[in-house]
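I am attaching a structure below and will ask some questions about it afterwards.
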């Protein structure tokens, strides 16, 4: 037979879960979307249609809900780790379990003149999501924490000047532009016993404060400053990867209409967009 | 000729605009998406390819940006009204101008231990949008204010019982369920001189507080309560139309896995979904 | 009480269905998405939380599947009519039932050198969908047939010249441009006993042939020509409404790069877009 | 300084291009979406805000359009290779250029009773796209060809039986089910001088014919059969990676409504979905 399988994996994607946690009248919620992938002894399923070692993806789905019943679901990192370890431990044909989990964010509705927190009513706070990637093998486990779709914009303290030019360069230099991006970040802690939610808040806060306070000379410049500050101020983080699309807000050419545009009127655009990525780590 | 045109309209959709407003170091922003539609004397464009009365949709786009330069862009309602009135007044072949405007919502980034508002840095606060629909004819103008994509969820004080049953009814009655919806609301003021942003906040606050505080016997029941409270407490509103999809969170059947589910573990679903609409008006 | 309900409706959206129809070894499929809305005696559900007349939306979903079992599901129009009539007839609190149905299109996979049709294997043929809107009351029923997301493009025989200009007009006249649109059309037959699938094919064919064969002076011009030809050649159609966004393909300015652009290099754009609509009917 | 950059890249995404190619009256079109990423000597841009080596992403965009003017744009593979080689050769600070290109597919509109091909009018043939991934360094280049969003469905000759079961397994065995998937495939040729479009057609045809003709014992079984047949019949392909989500069509439980369901009535679902991947290569 001329064809061989050099790698294979399978799993269940988009398993969606809401867990309601009750402490008397006060309820908390966690809404997760879980993707699971398995590696292991599954070659004969491909070559012979032998399903005798194939754990159905429907069972993976059931397992998510069953474990969510027992697990406190405090963080996507901890729940993902429980899930991966359970699947690896209980099925000897599996050699590696990976999970990607994203958490939709809800905050309490405030009511009344005193803006009292509701015990049980919530409003979705944006598209931003907490993320976690976990992979577990017999002798190795990795946990990556992250966030995605953190959409931010600043109206000044951002420029792009003195850049390299070639014969196709028509972009004008600017010392003052609108800078908007949707941050995706993933980081690895350098020790195992971390309070994931607390440190997530720290990383997120530093990203936002750097963005707001930094005089940006380029997206790269700001991205690195975010990563450097996370490394400097969150000692638990060993390495952070940041992805920042440049969501261009183009100055509209009002001159052709007989008007001037003092950095007031912009066209938000979705495409094309610049895309900047880097990994910053502790030296 | 056997074919006649019984109605026609045309315009420009998805004209996107950011206006930056500066008061010294403090900047404010408005990000709008504008759809324009015209009616008028355009029949010969269809039947004869005669473009002599056709204002290009590209010109409508330019007009949005030109007016945004001059206009303070305080609210989608006021900007939309200026836009419609400008187009109607300046082009006699136009008999009616309609605009639909939605505003993406940004709030200031807080920085530092004191959580000071940034002067110029913003974070998108969710998918929720302010909306306005304006239409202007020679002797008539209408303004509708609204909001959309207000995504909310409550974990108790919601049931659905004693409903009508037929031979295909299999749904179980429940006195305690998760209730989630994405509110779309549109309302009409009963007087012309309204502070649109202030009243928008009032309507939105009442919708949220009603949702949080109300013991819901059905989506209809809550929708009406929202509408009734808006009519009662915001005397400027004459009529409100509310659309609430029932974003079902289904109780996962843990019993088949040998576990019980005390209203803890739910499956969020996107489809199918219930859809409830009503108009409530001042009697 | 100062608030009254002036209108209300409710139903189930996005009920998705695949029906497999077997004639020996040859299988046919219909994949539908169904939205149902009811009107009737539902006021007390809103005002008093009285569910005694509320048919659950879950039951509407069940009804779709139950009727699909019995019905041949030959066309979205006929299935929608069966569904609406069933719901109206069996529930006296209902005064009006509306259904919107869209059908995803599949064609057979060809295999072998002879390109033989597979008996049971299919490939999705694009995003285009057949649509039907049905509404049924005691003494009235209406059926609208349609199509949506029919995405087409022509590279010549399209211009836009001699248009009306004002002070904000910067668009250049062009006698040769790329014209692309995504057609949505809805039409009403002028007699009840129509072969819906056959006539749908006729309308669709005329729209495509008009687009391909017509020298377009504007989107309006082509839209009307389509409508006029449908009215002329499909005598069963009484009226057709067509919506055509102008999906702009902009000529890229190669001159600024020292090159010329002989209508060769274009930028496809999603937004903003022109939007043209008209209704053409039999006179 | 405790923070160092361990990797970085940047580029332009979603550069959209239509090239119109004219041979007398007969026109051909290619519609591409291009993503470019660069690696190289860009560290000081991050650490010092030094843009002197930063080729603007706007220039990358211009380069796409300029090269598309000169290049015949015969295939995404060849155009991508030209683009990457141009950028690498002309800018010494760049050490690696990667491009991901997808091509939207258009076919000619047929007109008249003879179904004659239009010279210049086209209809989008589905969501399926041709894809290519190219990366070029000084001493190495790789070209990956592919397709994505090839949406297929079969109504029989598919089962899933005798699978592994644990305590959370509730899935029932079935010897006859609906099997639908959206194929993504990427393959590498084992020689440089390939007619990319011709071989793409061959790979695609084998994937479709395998799907239609194969008795599937699992998604894995079919995926491997596709890969094996590509390796066997397209001698130019050295390795193919296939990703197949299991787009579940669930049998609707008609028994609870007093009806039986002989594999006729299914619920199409988007989530959750099984996800199966493997790489098959020439041994």
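For reference, chains read A, B, C and D in written order, and residue numbers begin at 1 within each chain.
As a working rule, a residue touches a chain if its C-beta (ideal position, glycine included) is under 8 Å from a C-beta of that chain, and two chains touch if they have at least 3 such contacts.
Here the structure is a predicted model, which means the values were calculated and not measured.
Enquirer: If we define chain centres by averaging CA atoms, which chain lands farthest from chain A? Would you check?
Expert: Chain C.
Enquirer: Going by the touch criterion at the top, tell me which pair is linked by more C-beta contacts: A-B or A-D.
Expert: Result: the pair with more contacts is A-D.
Enquirer: Rounded to the nearest whole Å, what is the centre-to-centre distance of chain B and chain D, using the mean of the C-alpha atoms as each centre?
Expert: 37
Enquirer: Averaged over CA atoms, how far is the centre of chain A from the centre of chain B? Could you give it in whole Å?
Expert: 28
Enquirer: I'd like the Å distance between the centres of chain A and chain D, where a centre is the mean of that chain's Cα atoms.
Expert: Spacing between the chain centres: roughly 24 Å.
Enquirer: For chain D, jot down the residues that touch at least 2 other chains.
Expert: 16, 62, 66, 168, 170, 257, 270-271
Enquirer: For chain C, which residues are in contact with chain B within the complex?
Expert: 1-16, 35, 37, 42, 45-49, 51-59, 61-63, 66, 90-91, 93, 160-166, 168-171, 217-221, 223-224, 227-228, 231-232, 239, 245-246, 270-283
Enquirer: What residues of chain C sit close enough to touch chain D in their complex?
Expert: Interface residues on chain C, with respect to chain D: 16-22, 27, 29, 31, 62, 65-66, 68-69, 106, 109-112, 118, 120-127, 150-157, 178, 208-209, 211-213, 249, 252, 254, 257, 259, 261, 263-269.
Enquirer: Spell out the part of chain D that touches chain B in their complex, as residue ranges.
Expert: Per the touch definition, chain D meets chain B at residues 167-168, 170, 256-258, 270-271.
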